[in-house]
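The data blocks that follow each hold one structure.
Same chain, two partners: chain A is paired with chain B first, then with chain C.
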Partner chain A sequence: MRRRLPLVLGAVGAVALAVVGVRAFLGLPGAGEVPHPYAARAVAAAYAHTTPNAVVSVTLDQRGFDTLGEEFVLLAAAIGTVLLLRRLAEEAHEDRPHDYGPEDVFEAVRLVGALLLPAALLVGGYVVLHGHLSPGGGFQGGTVLASGLYLAYLAADYRTLERLGPPGVLDTAEGVGALGYAAVGFAGLIGGSAYLANDLPHGVWNSLLSAGTVPVLNVAIGLEVGAAFVLVVAKFLEQALLVPREDGDDGGDRDATAGEGEH
Partner chain B sequence: MTDWILGLLVLLTAATATVVVLTRDPARQAAVLSAYGLMLALTMVALAAPDVALSQIGVGTAAVPLIVILAVARCERAVRASQADRAGRVGRPGDSAGDDQERERS
Partner chain C sequence: MADVLPWLLYAGAGWIFLAGLYGLVTSRHLVHTVVCLSVTQSATYLLLLAVGWTRGGTAPIFADIGRHRRVVDPVVQAMTLTDVVVGAAMTALLLALSVQVAKRRGCVDPRLLRSLEQESEEERGRPAPGRSG
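Coming up: the complex of A and B.
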């Protein structure tokens, strides 16, 4: 009897949700058919600030303050993860040398990773810098940049990842990105108008240096998001890979080959 | 024509989402989650939302499954280590080398 009650309650809830959901979906206007009052105004506002990508115009210009909040949500989440996954004193085993797991990678994987790493970094940078012109922006470009560094780990090992993105540099990049976004907002205040107002010159339609503050904000977000994703995944990698070495000789050899492979 | 593609993609998204729910092993679930994320991203492209699709691929298809797999690897290693520890103690009662190492470490 008691066991059945949650099931019944769950079933009633699921049926109710299905009925309401289907009714709501049937009431939606078709995609791109009926002009939406907000969409019409948002596109006009994006056009007025010479931002071809109306989506980014909404997130970084017209509703830039909301994105500031999201930015700090991500920052808080990344800091929390790094804090939770730090190596505690009793986990450190200072008396024993440590190994970051095996680094025997197939040559094909190594080759593909080496070829894809610059491509990923280039695409990520492009997506960040062209966020106001084409689909993308700081968040999307930042995740692409971060995935480039994951490729470095796949193709080589944890130490290579650490060398490409030292934790200190990533920490700084994350902080500078988050602070940079807020600072651009204060620049609007100093310029004599509202916080995060898009008062920079709007430039020529569809050129790289246009849309006022939007590309600046995109670079700040790209820095923060890319750094945050690499930091968080690096912490998980550290937790998954860090093992006390079984015997010193084997680990020593591995270190030597890792050092040679780097050049 | 576009309606037909959109309908197919929505069905594929629903099907992969169901597979994610029905997969019980977390490591396998992460792989299926990645496929589901890709279907969701394609649906977003079909709905003319490439910005959201890019975010979805970056987070839902790459980062989240990777983090899940790393967390599973860490947990399984901890479980294996504790099992090996227990087996070593029970299997070789006379050999105290393992216990000495334990004392050294702590």
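Coming up: the complex of A and C.
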């Protein structure tokens, strides 16, 4: 019965979903032709603040307050992941040999990784800084920056990754990024208007220093997203590499681990 | 015939959602469960982009196109971006929880996992080493 329960519940849910879903889909407007009133207004607002990338204008200017919440969702998830995957004292196992990563990587992989590392960092920085002009922005560029640091892991090993992005520096970058976004919002308040209002000079259309607060917010987000991704993936790598696996003995040893874990 | 594409987009979103849902229901491994949840969520990306799609529209980035070119809806594209970011954050958190479940219980099959209370009652009956302090 217990094995069947998910299937039964799933079947009931599927029938309910089919009824509601088909009705909802039939009520949808036919895509492609209908006028998009919000799109027209969003494009006009993007033009008013000299932001050629209308998507980024919506994300960071028109809906800037929502993105503040989104950024703190990311921050909370990163903190939660780091907290859940922290190495406990009993897992350190200093007496056991550790594997710090692939020591026996092909030379070609090392070479490509070393060559791509600066390129990835450059592209990441470019995508962050040009977010208001071309497709990209802080979220996209931040992940490119983070993947650049993982090339260092591929090219070398975990220790190199730790040296390139020490956890203390990354924690700080993450916090500074999140705080920076909120601080830009308060700057709007101090300037005498609304929270996160785009009150900086809007500059010349299609130039790097334009669109007011949007590039500043992009840099803050890029910092936070890049740091968050490196931290989170580093924690998963640490689990895979540093914590020795206890294969095969799910009897007494597991109970011992579970018991120790409660302290 | 010309109007098949929008419904194909909606149907594709529904199909991806159902495929992910089937995986969730029949999952036997927590990592598989998390990936299925990501698949289910990715249906919302397609749905949002289908809602914002405009026939003949281009990307809503006006750096190199005129003010009055027809573009797709930037509002739903921004929502999709939010969706992707929250999805990535959620996946990381759920995978971290899966790692903890695997370490604490030695079991990653969602059907075999019991509630916390049951497990601790089971353990209370046994003299577990390392709990004396």
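Things worth noting here:
The rule we apply is simple: the second predicted complex is superposed on the first by the 199 of 263 C-alpha atoms of A that agree within 3 Å, B and C clash if a C-alpha of one lies under 4 Å from a C-alpha of the other, contacts with A are read in each partner's own complex, and residues count from 1 in each chain.
Methods note: a contact is a pair of C-beta atoms (placed from the backbone, for glycine too) under 8 Å apart; a residue touches a chain by one contact, two chains touch by 3 or more.
These numbers were taken from a predicted model, which means no experiment stands behind them.
In the superposed model, A:P135 lies in contact with both chain B and chain C. Shared-chain residue A:F186: touches no atom of chain B or chain C.
When the two complexes are overlaid on their common chain A, residue A:A78 makes contact with chain C while staying clear of chain B. Contact with chain B, but none with chain C, is seen for A:A146 once the two complexes are overlaid on the shared chain. Judged by the touch definition given at the top, the superposed model places A:F65 against neither chain B nor chain C. Residue by residue along chain A, chain B and chain C are tallied for touches, and C comes out ahead. When the two complexes are overlaid on their common chain A, residue A:N206 makes contact with chain C while staying clear of chain B. With both structures placed on the common chain, the touch criterion links A:V127 to chain B but leaves chain C unconnected. Look at A:F236: by the touch rule set out above, it reaches both chain B and chain C. Comparing the two interfaces of chain A, the one with chain B and the one with chain C have residues 31-32, 53, 55-56, 135, 137, 139, 232, 236, 239 in common. Within the complex formed with chain B, the chain A residues making contact are 31-32, 53, 55-56, 93, 95-96, 127, 135-137, 139-140, 142-144, 146-147, 150, 229, 232-233, 236-237, 239-240, 243. Interface residues of chain C facing chain A in the complex, by the touch rule stated above, are 3, 5-7, 9-10, 14, 18, 21-22, 24-26, 50-55, 59-63, 67, 71-75, 77-78, 81-82, 84-86, 89-90, 92-93, 95-97, 99-100, 103-106, 110-111, 123, 126, 128-131, 133. Note for the complex: chain A touches chain C at residues 2-3, 6-7, 9-10, 13-14, 17, 21, 25, 28-33, 36, 38-39, 42-43, 46-47, 52-59, 63, 66-67, 70, 73-74, 76-78, 80-81, 84-85, 133-135, 137, 139, 206, 225, 232, 235-236, 239, 250, 252, 254-263.
Contact residues of chain B toward chain A in the complex are 47-51, 53-55, 58-59, 62-63, 66-67, 70-71, 73-74, 77, 104-105.
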